[in-house]
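Below are two complexes that have chain A in common, paired first with chain B and then with chain C.
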Partner chain A sequence: MELLDFARGPAISVALAIFVFGTVWRLVALFGLPRMHDLSVPRPGTPGPIVAGTKEIFRRMWPRHEFSQLSMFSFLNGYVFHIGLAIIVFAFAPHILFLKGLTGLHWPALPNNVVYAVGAITVISLLAALIHRLTSPVLRLISTMNDYFSWFITLLPVVTGLMAASHLGARYETLLAIHILSVCALLIWFPFGKLMHAFLIFISRGTTGAFLARRGIQF
Partner chain B sequence: MNAPVDINKASAKFLQVTAEHLAVYMEACVRCGLCAEVCHFHQASGDPRHTPAYKLVPMTKAYRRQSGPFAWLGLAPKLTEKDLTEWEELLFDTCNMCGRCTIVCPMGIDIASMTAAARQAFVAAGLGPEDLEQSAQNSLDHGSPLGLTVDKLEERIDWLADDYEVDIPLDKGKAEVLLTISSIEMMKYPDSVVAMAKLFNAAGVDWTFSTKGYEATNFGYLAGRADIAKAMVERIVAAAEETGAKTVVIPECGHAYGVLRWGGGNIHGKPLPFEVWHITEYLAKLKREGKLKFKPIDGKVTYHDPCQVSRRGGAKDDARYLLESFKEFREMEPTGNYNWCCGGGGGVQAIQRSAEIRYKVFRIKMDQVEKAGADALVSSCANCRLTMDESKAHWKWDHDLVSIVEALADAIDGPAAAKD
Partner chain C sequence: MTETDTTLGAELVRRGVSRRALLQYASVVAAQMMLPASAARTIAAELAKVHRQSVIWLSFQECTGCTESITRSFSPTLEDLIFNFISLDYHHTLQAVSGEAAEQARETAMKENKGKYIVVCDGSVPTLDGGVYSTIAGRTNLDLLHETVENAFAVVTVGTCAAFGGIPHAKPNPTGAESVASLVKDKPVINISGCPPVPEAMTGTIAYVLSLGRIPDLDHLGRPMAFFGETIHDRCYRRPFYEKGYFAKSFDDEGARQGWCLYEVGCKGPVTYNACATVKWNSGVSFPIQSGHGCLGCSEPDFWDRGGFYRPLAASTSTKTGMYVGGAAAAGALAGLVATTVARKRKSAAVASMAQPAPEKAESKEG
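Let's look at the complex of A and B:
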């Protein structure tokens, strides 16, 4: 079996299975923990947990002007690579074809050159994020291997994808196989590390939104 | 404390207090470090260890080892004695549970709730600052953290009633409203107790203090002693039941309000049989009902939002409604739910070794007040006031600190004012 056949066949299938089951398991394990039933009386006239939680998910997308002393780098750079990754995954024609094979859904793609440019910007943004993490005393202290490995495993598919697209360094088939394998690595790691924040962000923001709204705290 | 650190008890307590929402918070942190930028302790010290997210480490470690989704693999490192001893200062001395980090966190993690839960595990392990733990024990043994026993309460109420010629009912039988006391007020700022009595009497409130349950501050909660937290809540419940009060008013104390209003039912195990109001909320209600009127008050003042009343309590607007009586009120920046903390909440005021960093934190407040062009700083929390009074003395700062209740009591307008 060629490397590309392996990557396209058993590797991606196993990786997807681990991604799905791992993610579900992690969420089930969380929701299986005891829940605290808040017995305080909510402030009258405050919204319920669903409304408040949903509002909070959107409210936290940007810091309030009251926190003007915040360095905006984390926010801005975070948006750059998150949006970049989303464009690469969901707006690149070959990726849409792959997703169509998985789900049956498809949509128009962006021109390849645009996606390549976004890929390059995303790599730069991810490198900037790493430099920030390594040079900030706070981030250096609080960072764990989880952060660095998650960073690496996120960067890898972008870099290998760009290499495959530009036929850089090896045969296209080999580069494509490496790219697919790097995506497999990301999918396998996803449920085990901090990449799970892609799902957890909705739960944690929603939980706190409901908590604050119950008390009548408005921002 | 010098007793051996009991890792097993800490681990068991971590396991016990890790409810679903706290586990979500532990899992969700992306370690972006934004919380450090809004934490007054980190701002004051510049020490990366004072990053709020860093406080989660021991609890997260225990969770991953014991009940995390991959705990069964046995790969997560164990909680160590070093984890606990190194983090004691971070969870007790340098966290007010003020929730400023909560509002900036892009993931919405409520680190204040985590601190409260983690403190219980530290205490179970035999850790925790001795003076804070002693304050909690005093509450259980003597009725209050500052030694305000029933005898002292009766003695001081007699003295205040005589000296200020004000009616201060104690154990009067049935009453609609049970007023509670922060022992800080009774021992250090007794004028505040007199002021509350004057205001309630002027408004014609049917109220009383009770020897059965009078201490509003709950050092059991702050010190990580769930047993004492419960005992303190039960005393107030018993007092309210005895007097038939359907309303319990918390005096100028932010954490007392936060613990009873938002945590009381959870500690009690069922919804509280009465409503809980902070004094500013209750005075605002009396003002809205036309039962209290105030004369204009002189002075350029600004308002320090006690974290548990505003940011964690949802009651910032009532204070501002009362502050309308001040002729020259000006907001500081930032204000309301975004205001900087005094540095003494969450029991930190009771921890002597934290004094130096509290003083440093207060420089942020001094700067805010000066930029607002105010001569005086009004607050509605005796604990904030005590913290700021000590820091003010340390820096020889010449601005005044004013209790909102005392200022309003001096400005009561109408015939009732003359009576007292």
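Let's look at the complex of A and C:
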């Protein structure tokens, strides 16, 4: 069995299984946890938890005026690579075919050259995020190996994908196999590291919003 | 002058082929083999001096498609003349003699051209159960191969069966079929893979060996770089549609008729190295993708077992992914429920212990 056969066959199947196992495990464990009953009396006139939580989710999508100068780069750069990653994963024809093979669903793709350009911008944006993290004293202080490894495992499929598309460094089938294996690594790490925020970020923001609203905190 | 003393130059003159035509052919060979233009003159001069090359063609587990392909190359061309010029001393399909006389022809060629003859093989070699699944003149293919290549100058495998095992090697491989390249270790082996191979890859390689007396540059699978250096996809005329994201969704749909890329219907062009898209077939008329079918990847090892001809390259080849993922989801849910139950029990225990005062503290208060 050649490397590409291994990547397209058992490797991606096992990686997907681990991804699903870890994600379901964490979500079921999280939602099944015993809830702390808030015995405090809600402040009068405050919205219900769903409205407050939803408002908080949207409010946190843009920096507050007071912190705009300080955190604007993180916000904008974050949008660039998150949207970039979404375009790469969901708008590149071969990726759509991969997802179609798994789910049966498919949709129109963007031209390859557009996706390649988005890929290059995403790599630059991810590198900028790392430099920002390393040069900011506060961010550096609160960063752990989990953050750096999650960054690396996110960057890897984008770089290997661009290398495969441009036949850079090795034969195409080898680069394609390395690209698929890097996606496997991402899938395996996803539920157990910081990348899980993809599933949890809106839950945590909503919960925080509901909690603060009950105490009458207004932004 | 005996037949083997005849030079190719003399033979071409006898057939009325001009020196200009030979030079033109040499230029084509030089271009095909990625040699500088100046090499054309050397190739032409050396080809003219070449004596009839003894070739022993061994056919093992094969369908004769490779021979059919080569004998139906651009006839009548210089490639054809060179093919005819070779002293083909043994070839099941083409030889007139049969039985013991045929085997005697092979043995005579081996004896008279010791160390100089080329062995061409098509078909894979069965190795299971002593190789009994294919025999010639009562001898196994394996035995015949070892005996014939022992004093050969080089071995050329023609077709994917000989080069990589091909269809007989496909799962479950009931005859234990092996490629010739995996069985011959002490001779230079040139693999001209394909099912069947491009005829010009065969004749061009032979012309190169005859004129320059050495083995051409080979890739990591032993194939001449000149013909197997680029993927079908890289040289495909449908490639611009791939880049634009225009894909035929099924055979004979509007996209397919417009010549859009066949990636979605399983084309293996991106991982297949061959000259089909450039040299093409039948005097450069067409090749499979041009006639509307995706590349099967037939010049690559194990092409038969790579997850199906019509499954896109981007899709997983595993047929059990759904089962794995379903099982993983169930196992994940179970693990989550166990974790929740443990957390709830811990909380209940903690609440219970907080509700009752510690006995020691109570005692000390009393004291």
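As a working rule, the second predicted complex is superposed on the first by the 213 of 219 C-alpha atoms of A that agree within 3 Å, B and C clash if a C-alpha of one lies under 4 Å from a C-alpha of the other, contacts with A are read in each partner's own complex, and residues count from 1 in each chain.
Methods note: a residue touches a chain if its C-beta (ideal position, glycine included) is under 8 Å from a C-beta of that chain, and two chains touch if they have at least 3 such contacts.
Just so it is clear, the model here is predicted, and its values are computed rather than measured.
Aligning the two structures on chain A places chain B and chain C next to each other without any clash. In the superposition on chain A, A:207 makes contact with chain B only, not with chain C. Contacts of A:21 after superposition: chain C is touched, whereas chain B is not reached. In the superposition on chain A, A:147 contacts chain B only, with no contact to chain C. Set against each other, chain B and chain C touch different numbers of residues in chain A, with B touching more. In the superposed model, A:34 makes contact with both chain B and chain C. Closest approach of chain B to chain C, taken over C-alpha atoms in the A-based superposition, is 7 Å. 25-26, 28-30, 33-34 are the residues of chain A that lie in the contact sets of both chain B and chain C, per the superposition on chain A. Chain B makes touch with chain A in their complex at residues 18-21, 23-25, 27-28, 30-34, 36-38, 42, 48-49, 51, 53-54, 67-70, 102-110, 113, 261-266, 268-272, 275, 311-315, 334, 337-338. Of all the residues in chain A, the ones that touch chain C in their complex are 1-2, 4-5, 8-10, 12-14, 16-30, 32-34, 93-95, 97-98, 100-102, 108-113, 167, 172-173, 176. Looking at the complex, you find that chain A touches chain B at residues 25-26, 28-31, 33-36, 38-41, 43, 46, 56, 60, 63-64, 66-67, 69-71, 74-75, 78, 136-144, 147, 192, 194, 196-197, 200-201, 203-209, 211-212, 214-219. Residues 231, 233-234, 242-245, 247, 263-264, 270-271, 301-302, 305-307, 311-318, 320-322, 324-325, 327-329, 331-333, 335-337, 339-340, 343-344, 347 of chain C are the ones touching chain A in the complex.
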